[in-house]
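The same chain A turns up in both complexes below, where it pairs with chain B and then with chain C.
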Partner chain A sequence: MQNVLSILFCLSLFYLAVTSRVKAYVTVLRFQGILLTVLLVFPFIHHFSIFALILPATLFIVKVMVIPRYINKIILDLDIKRMIEPTIQQFTFLLLVIFSMVIIFVASNILSKSTNIETIPFASGFSAIVVGIFVIIFRKKLIVHVTGFLVLENGIFLFGTAVASELPMMIELGTLLDIFVVVFLMGIAINKISSTLSGFDVTALGRLKD
Partner chain B sequence: MFEFTILILIPLLSSAVCYTIKNIRLQYSITLSVSALHLIFSLMIFIGWYQPNMPFYFSTDSLSKLFLLVLSNVYFWVVLVSFSYLKRPVASNSEEGKRYYFLLLNFYLFANTSAILSNHFGMYWVAAEGTTLSVAPLIYYYRNEEALEAMWKYLFLVSIGIAFAFIGILFLTLSAKGTSLEAQQLFFSEFVKKARELNPVWLKASFIFIFVGLSTKIGIAPMHSADVDATSNSPSPIAALMSGSLRITALLGVMRIFQIVRPTSTYEFAKIILIIGGLLSLLFAFIFMFKVNNYKRLLAYSSIEHLGIITLGIGIGGLAFVGAMYHIIYNSLNKVVLFFTAGNIHRKYKTREVEGVSSVLNILPWSGWLLLISFLAISAIPPFGIFFSELMIFEGMLFSDKPWLLAVTMFFLLFIFINMGKTLFQMLYKKNENEILPIEKERFEIIHFATIVLLILLIAIAVISPNILHENIINISKDFGIKL
Partner chain C sequence: MELIKVIQGIISILVILVLAPMFAGLINKLKAIFTGRIGAPVLQPYYDLKRLYKKETINAKSSSFISVISPAINLVSVVIAAAMLPIGFARPIISFEGDIILFAYVLGLARFFQILAAMDIGSSFEGMGAAREATFAVFAEPIFFFTIGSIAFISGLTSIYDIYHSIRLDNVSYLVFIIVCSISVFFLAITECSRMPVDDPNTHLELTMIHEVMILDNSGIDLFLYQYSSYIKLFIYSILETSFFYPFGVRSYSVGVIIFVVVIATLSIALAISETITSRFKMKNIPQYLLFATAIGILNLLIYTFTK
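And now, the complex of A and B:
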């Protein structure tokens, strides 16, 4: 089941690479949030407890409901145009994503021989980290940078489940809260940037240099 | 539980209280009392009058005791001068920034203390991200375009950096697969004890990710840019807070993983990475000192330089490591002094450009002389502390297996000193023919008092060299397996 979910996760990354609409990015975030929630709930299906549901429920609220809604609100409020304004051709971007994912999957397969890791979730998580960084590098709009950052965070989350790290629930909740506040602050900053610097993309930020 | 309440819960509580109170003076009184209590308590813990026994994911050791004291001290002085700072007139849209100032400061103390006292990598991560979140809105205090850009860059880059550090932490769990640490909690102390069992490949990856990720926060080149922007565009007390305490909190994370790496085969590799990071920081400070024309950026680059020296010292080990620990204390004191005086100059001249500032010694005699003295202090002129700590680091370099590092470092430091001196002396002495600023006698304010006390402290610690401090640093060195 974990592998199926991870592969779906990878497909969402491909969709991210080919789409050029800002809204689609938010939809992908929502989809990834649902996948991660299912991934968390799945092990508890046979021995159900309310306590075990706290983390998936919070994850669902933060990553599927609150954050995507908040980003959509910013897009609507600021009247950000639909296109993502890439700095490179979409096709080149797709090639780059495929190429990196192939390398990551092959490398993970080699690594899994020496260390006991779940290859597919591990590689999918790492791919999302790389794709998130690509989105930040090759897109101009600041709001898309925020979604890139969130894809990266989702990747880390998946990656974390693949290495079966035993983080205590309090800390997991803490990380979720941190991410939520980061996005919240970024949203405020984008609002301010659009009003004071009159722009939504990185070209508006060029005052500070030596 | 008592120590947990005072050091961690009370700052959080006072942050909440500051949210409900509108009166800035009352907020100030509460924050100042909390910071004084925090300082007294950290000092008691440091001296050993109180043996802390922290619950949950927290604990204390020699290293965290030292860092806690540095944080407490910097925070106290920053809070002390903050009220006089908030009284200064600002643009009308900046008024709302004042309302959340003390709330965020209290939250910063809460997050930073939690990070320093944490014994768990996850806890450290959450708390370190918390410090970024509390500082980012403070950077935007002036509500102008530069501050906004600086805040965005800091928030974004540091969040990504911290995300990388998280990947590093996950790699650390991977390195524990198949050992007795597998499926255990990520406690630093446990990992240090059983470090030899860890898988070297994953440990190496973990070190790189944590180091590179936290570099954005420490200000190690080449990840320093957001940090420089943030320190140079935030109000002076916040810049002092960042340079004096936030950077070392991030450094603590690197030191924790370095401590784990020590008994393993990855040690030499980690040392080289630290040395490269330190040298690169010196190189960047060296290059930018030639072209920088904004005096707050100049000070920010000076922070990069000194954190570079500290990283270098830690990487070289031996006596240089001991020197680096002293350097952490002296640098934090000195940076607070420098940013406080720079803040006074900014208030009078309304510009951060070096061109717009002239004859500071005549117009602002107190701040001018204090800037001059603190410049001498940061340039390692005796009897100020930095001289002694740098001497120790240099001696450590000379007797290490890489003595050539000393020559490179000296070369960089010489030019940094010349260029920094040139810029600051120009500000202090240059006469401006068409002087428009009215010459009125500069009043002695609390900010000058704080500066003088810190400068005296800088000399006193170095000259008296308290035994308790020396013992603590020797204990830290022992924890890091340094043979002296």
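And now, the complex of A and C:
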């Protein structure tokens, strides 16, 4: 089951690499949030407890409902155009993603022989981290950078489930709170930037002087 | 017993040859219904073929013998490829170790001669279509080898018939593997048969065309051969898709045939829906669309090999 969810997760990463709309990025974030929730709920089917459901429920609320809605609200409020404005061609970007994913999968397969990790979720999480970084590097819009950061976070989460079978719940909840706060801070920052500068490009920010 | 198998194989190829135009007609009819039109009758492709058969063939003055032999070679190669596909659980007429490579390259030969013929006519418009076809073929070929090839790699068999018989749904990850493979093949079918997001089969005189541009100067029996082989090609890729779904049934010929009919019907609906709700891509977006399908295949193979 974990493998199936990981396949879907990687497919969402590929979709992220080919799509050129900001709205699609938000949808992917939502989809990944649902996947992670299912991934967390799944082990508790056999030994059910209310306490164990706190983390998945919080995850669902934060990653599927609050953050995507907030990003959508920012897009609507600031009237951000729907194209993502990549700095390199989508085709090249997809090639990059494929190559890095192949390397990551082979590397984690080699790693899994010496250490006790599960290859597929580990590799998928790692790929999500790399794709998140790529999104931040190769896109111009600030709001897309925020989504790239969130994809990276999702990757770290998946990574964590692969490395440790039992998650320390308080730490995970703390991370979720962090992400939540960071996204709000980014939202406020983007709002402020938009009131000073007309564009939302990082190219405009590169020309800033004091 | 052997005789029955040969007869089943012959029936398979006959079914492909006879029903191929109807499949295209069915998709067009469904598409018309989904967009609120009455649409041409399901048998319309047969009428079109009959009309083309009666018409006179005219070749351009600048064209050479390539234009004369190309339509026939096209049809023959496509029919050979069709003879390698199993319908139901019947063994196809042509089936041997390694026929998966032959299958890919016989279709490649058909495409090669079509491209040559398009350039042979000497019209720049058709040369453009040929260039596009060649470009997109480069990206479409890996999809086939990464999906069908990965099933072959996992099962250790190299004949299409054996490969499809090796598909057994005993564990979940293999089931997901097969489902994702079938998605990849669906992408491939759309590309190879010039269906909607890649190419528009309905428009003849737009600059954005790929397949229809190449046959623009052909007429009469030549056009008949091209059209017929493109119908068969569409049917071939659909059969390739149906073959993924056989493991759901009991392994007997009659059940196989029923599954075949059901899956073909479902597939025609799926194709019609996908053509209704999507619009054609910009030319520059097509390579990335095809690379996406390849990426799915690569990912699939990676995940399946590393779970073992």
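In this section, the second predicted complex is superposed on the first by the 203 of 210 C-alpha atoms of A that agree within 3 Å, B and C clash if a C-alpha of one lies under 4 Å from a C-alpha of the other, contacts with A are read in each partner's own complex, and residues count from 1 in each chain.
The rule we apply is simple: contacts are C-beta pairs under 8 Å (C-beta built on N, C-alpha and C of every residue); 3 or more make two chains touch, one makes a residue touch a chain.
Nothing here was measured: the structure is a model prediction, and the numbers come from that model.
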Clash or fit (per the criteria above) of chain B with chain C on chain A: fit
Partner chain in contact with A:3 - chain B first, chain C second, else both or neither: second
Partner chain in contact with A:70 - chain B first, chain C second, else both or neither: neither
First, second, both or neither for A:117, with chain B first and chain C second: first
Touching partner for A:192 - first (chain B), second (chain C), both, neither: first
Cα-centre angle that chain B and chain C span when viewed from chain A, reported as a multiple of 10 degrees: 150
Which superposed partner A:180 touches (first chain B, second chain C, both, neither): neither
Partner chain(s) touched by A:205 [first = chain B, second = chain C, both, neither]: first
Partner chain(s) touched by A:149 [first = chain B, second = chain C, both, neither]: first
Chain B versus chain C as contact partner of A:129, first or second or both or neither: first
Greater chain A contact set [chain C / chain B]: B
Overlay on shared chain A, then closest C-alpha pair between chain B and chain C (Å): 19
Chain B-touching residues of chain A, taken from the complex the two chains share: 114-117, 129, 133, 136, 142, 145, 149, 152-153, 156, 159-160, 163-168, 171-172, 174-175, 178, 181-182, 185-186, 189, 192-193, 196-197, 205, 207-208, 210
Residues of chain B defined as touching chain A within the complex: 57, 120, 122-123, 125-126, 129-130, 132-133, 136-137, 140, 144-146, 148-153, 155-156, 159-160, 163, 166-167, 169-170, 173-174, 177-178, 183-186, 199, 201-202, 229, 232-233, 288, 291-292, 297
Residues of chain A that touch chain C when the two form their complex: 1, 3-4, 6-7, 10-11, 14-15, 17-18, 90-91, 94-95, 97-98, 101-102, 105, 108-109, 119-120, 123
In the complex with chain A, residue positions of chain C that touch it: 172-173, 176, 180, 285, 287-289, 291-292, 294-296, 298-300, 302-303, 306-307
